[in-house]
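In the two complexes below, chain A is the common chain; its partner is chain B in one and chain C in the other.
Now for the complex of A and B:
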């Protein structure tokens, strides 16, 4: 399968009270055509910053990509001018955010917000754009699209707002959709509706989706391939089945074991002791070492590389360094 | 096993007013006539989607919100009849753990102050005993007593929730309302806090009302589960039975909608259409009939009765009448 988006050794830096810190530290990613790639990790692991770096939407003056490459079908995103970026966003890569209320503008009608992207990228007249907007709203399953186009975001429920966000994101038929926790703010029954909708659109249009989430259940249900991130680095990368059946990295194992499950009967959860290290106090060796139950002396001094342990299963851990071949 | 808490026909309506004279034009029926009882030392989980009235129920039980109607009997005492002063001292028996550990701790107070306050307010303890108790509480929840002089912002989310738990158990309460205590936490931290809550329950035979929207968490911690929809309980049963064989169509849909962390699991998903209707103007008859996949004609006009279908299992649905 052909690779659409390639991120190589991405390092993103943020100015914080504690000084300059690398929130994303050497991330490699590949998004292939038509696949759903899951990015999982806990808060602060850098999953959202990775996506903002790809979109070049990092907060100005605070965050900045310091090194690495991001290429979209061979074109270097980091070298693009402002107007090129404007053309790329929305038509080639678009994004949905976690909180649909804060990402829609409260003072503009829903229809105007969908039409903005359509008119900019597709050069349609106002009238054509409006009918196209209504068509998009119908596609995302909004029941009375003709009246919803003239309503304001506050008049809609959370699920409907997220549908509107998806309509905006999908309007110009982008090749890549980045969904940053698209269902976290929604109730489970609404979450099921939205996930179904995303899967259906993906199948119809062949869009590649980068799904960022902390919910392993959502990952299992939606994704083809998964990248697990911890403290700004990729610690494991594999297809979804091997991740759940045969997780390799101790962090992934711990994460899976700490999930309360609907199907299991247990009295205790296996939790990972301790907590994610602060960004300015990263350990010298493996970043997970202070919490790891398989910790060895080598873990405290050197950070393992992300290696292929066979069958495209990458893992960043000293336990697998011998069997792995440098990738 | 004895009954600790008996709730009968609890209602909490919020008035909707209009115009200069604040004329009441309607009411948001957040909690609309629910009845249940709670056994000592056990956990009752309450699940439901946002706006179904689960948090309001928890608050109405403790009279943080004054109930509109209904009776709450705690250990033989009718809480609704207590005067303000009586209620204040009675609160030592009933505590609450809040959802947001960032917002529920005073940022200007050290942990020491947070944990001291209930001990100072209730009972005349000497400085020495208070200090000792604070140390003991911090150790109980897995924090180091050396951190007592720190402020909330110096702790992570999970640690803050531990402080919230320590505060809640400071006065040895019998009953704790836990309102989404782990929703703001990451999974690995969530597991630590859930384990801690279970340990404390065993140690002090605490009774929990555990409110959450996350079914897998509720399944882990609860002995019995109540499912709420638009201010009403629709099903109440022992945890194993609810998850093995849900009866109410809403419970079925809710359970089937939870994503399972197993890519090879095959299951039939019931996807409900539409949104939860507004509590200001709930549908007539069974409130769920607008989204119910098996709605019948009778559901549109008659409110289903809350009845026992088997031992310890109650449900409100016309299918089982």
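Now for the complex of A and C:
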């Protein structure tokens, strides 16, 4: 499959109270045409920052990409001018966010917010844009779209607002949709509806989706491939089946073990001991070493590289370093 | 909506009754006898007593109050003895000057404070932000009387940029035909450019002087509400749609950030009416403010009471307008 988006050795720096820290530290990603790539990790592991780096929407003066490459169909995003970036955002890559309640501007009509993107990218007239906006609302499963188009966000439920966000994001038929925890703030039945809608649109238009989540259930349901991130780095990358069947990195194993099992005898949930290291106190060696049950002496002194352990299953762990080298 | 406005207008009535009562009682309780002021310090006691009877001051205070309220309802605000005219006559000749000054100040404050607040927020912690902070601090601290005197000293006596601080228009120039009573507007409407230029030059210094406090506070308010809005998720959404940064700020952010600033502008109106009293005195501006200062010095009750009531009415109505505007700016606010 053709690679649409390639992120190479991305390092993104943030100004924090503790000084300058790298929130994303050497991330490599590839998003292929038409696939759904899951990015999984705990809060603060750098998954959202990675997506904002791709969009070049890092908070000004606080976050900055310091090195690496991001290319969209061979074009370097980091070298794009402001106007090139604007043309890319919303038409080539668009984004939906975690909080549908706050992601729409409260003082403008829903329709105007959809039409804004349509008019800017597709150069439609006001009238054409409005009928297209209504068409988009119908597509995302909103009943009575003709009246919703003239309503304000506060008149809609959370699920409906997320549908509106999807309508805005999909309006200009982008090549890539970045969905940053799109269902986290919604209740479970609505979650399933929104995920189904995303998959349906993805199948119709062949859009590639980068689905950022901490919910392994969502990953299993939706994704083709998965990237697991820990403390600003990719620790494992593979297709979704191998991830659940044959997880390699101890962190991934820990994550899967923490999922509640209906068949399990124990009435306590498993959890990974310890905490994610603070950004300004990253261990010298493997970043997961302090919490790892398979820790070896080498883990505390050197950070392993992300290597292919066979069958396109990449893992960043000393347990597999030799396998990686040999394969 | 209409019902809401009507209800708000009705709610104002108890407030106005309270104000009438307080100003009436205060002006009676304060030392100083108008009869003595009218007749003169040396007047014989029987003359003073006669004047007291004429003014109704010999009556018990509650009867004086009832008389006063009765007359108010007939549109009679009493007579200002220090000018010899009825208060209504004095007001109608002086009010346009005060309205012109106040509107000009609000206009200047909005014109400068809103952009300054936006720039300070967008370029947070830049040199522009720091400059605006220093000027806001100065603007909020410097008293009007000092600033007014400095303006006159520098821009009139020292450098002569502006005409003498005497009134609304130079002596040799005819005021424009009265249409609205506002010289600037009237001279424009009647195409009298000489009067326009002269009255504008007379207006600038007092208007800036009166607007500084409001300008400083509005700029700070605009900055802080803008900063809050810029951090909101929907601003990120607008950027993610590919919107131009100027549109993100001027459309998406400003339409939200302006709402708290509007509240402040409404409240500042009261401050401006009060500030006009001082400014008009310094610049010999022939408005209601100077007239009220004279009335206070002359223990002339009627105009003081009328002015207080008028200020309260103007303030209440301006704030009602502000509340109605909320509904227009923020669709989440609806009045039934």
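Assume the second predicted complex is superposed on the first by the 319 of 327 C-alpha atoms of A that agree within 3 Å, B and C clash if a C-alpha of one lies under 4 Å from a C-alpha of the other, contacts with A are read in each partner's own complex, and residues count from 1 in each chain.
Assume contacts are C-beta pairs under 8 Å (C-beta built on N, C-alpha and C of every residue); 3 or more make two chains touch, one makes a residue touch a chain.
Keep in mind that this is a model prediction, so the values were computed, not measured.
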{"item": "Three-chain arrangement built on chain A, chain B and chain C clash or fit", "value": "fit"}
{"item": "Chain B versus chain C as contact partner of A:308, first or second or both or neither", "value": "neither"}
{"item": "Contacts of A:87 with chain B and chain C, given as first, second, both or neither", "value": "second"}
{"item": "Partner chain(s) touched by A:30 [first = chain B, second = chain C, both, neither]", "value": "neither"}
{"item": "Partner chain(s) touched by A:104 [first = chain B, second = chain C, both, neither]", "value": "second"}
{"item": "Partner chain in contact with A:95 - chain B first, chain C second, else both or neither", "value": "second"}
{"item": "Comparing the two partners chain B and chain C, which touches a greater set of residues in chain A", "value": "B"}
{"item": "Overlay on shared chain A, then closest C-alpha pair between chain B and chain C (Å)", "value": "9"}
{"item": "Where chain A meets both chain C and chain B, residue numbers", "value": "none"}
{"item": "Complex contact set, residues of chain B against chain A", "value": "49-50, 156, 158-159, 186-192, 194-195, 198, 213, 215-217, 219-220, 243, 253-255, 257-265, 269, 271-276"}
{"item": "Residues on chain A engaged by chain C in the complex (per definition of touch)", "value": "55, 57, 61, 82, 86-91, 94-95, 97, 99, 102-109, 113, 116-117, 120-121, 152, 154, 165, 168"}
{"item": "Touching residues on chain A, where the partner in the complex is chain B", "value": "42-43, 143, 157-160, 187-193, 195-196, 214-221, 240-241, 244-245, 254-256, 258-263, 266-273, 275-276"}
{"item": "In the complex with chain A, residue positions of chain C that touch it", "value": "124-125, 232-234, 236-245, 252, 255-256, 329-332"}
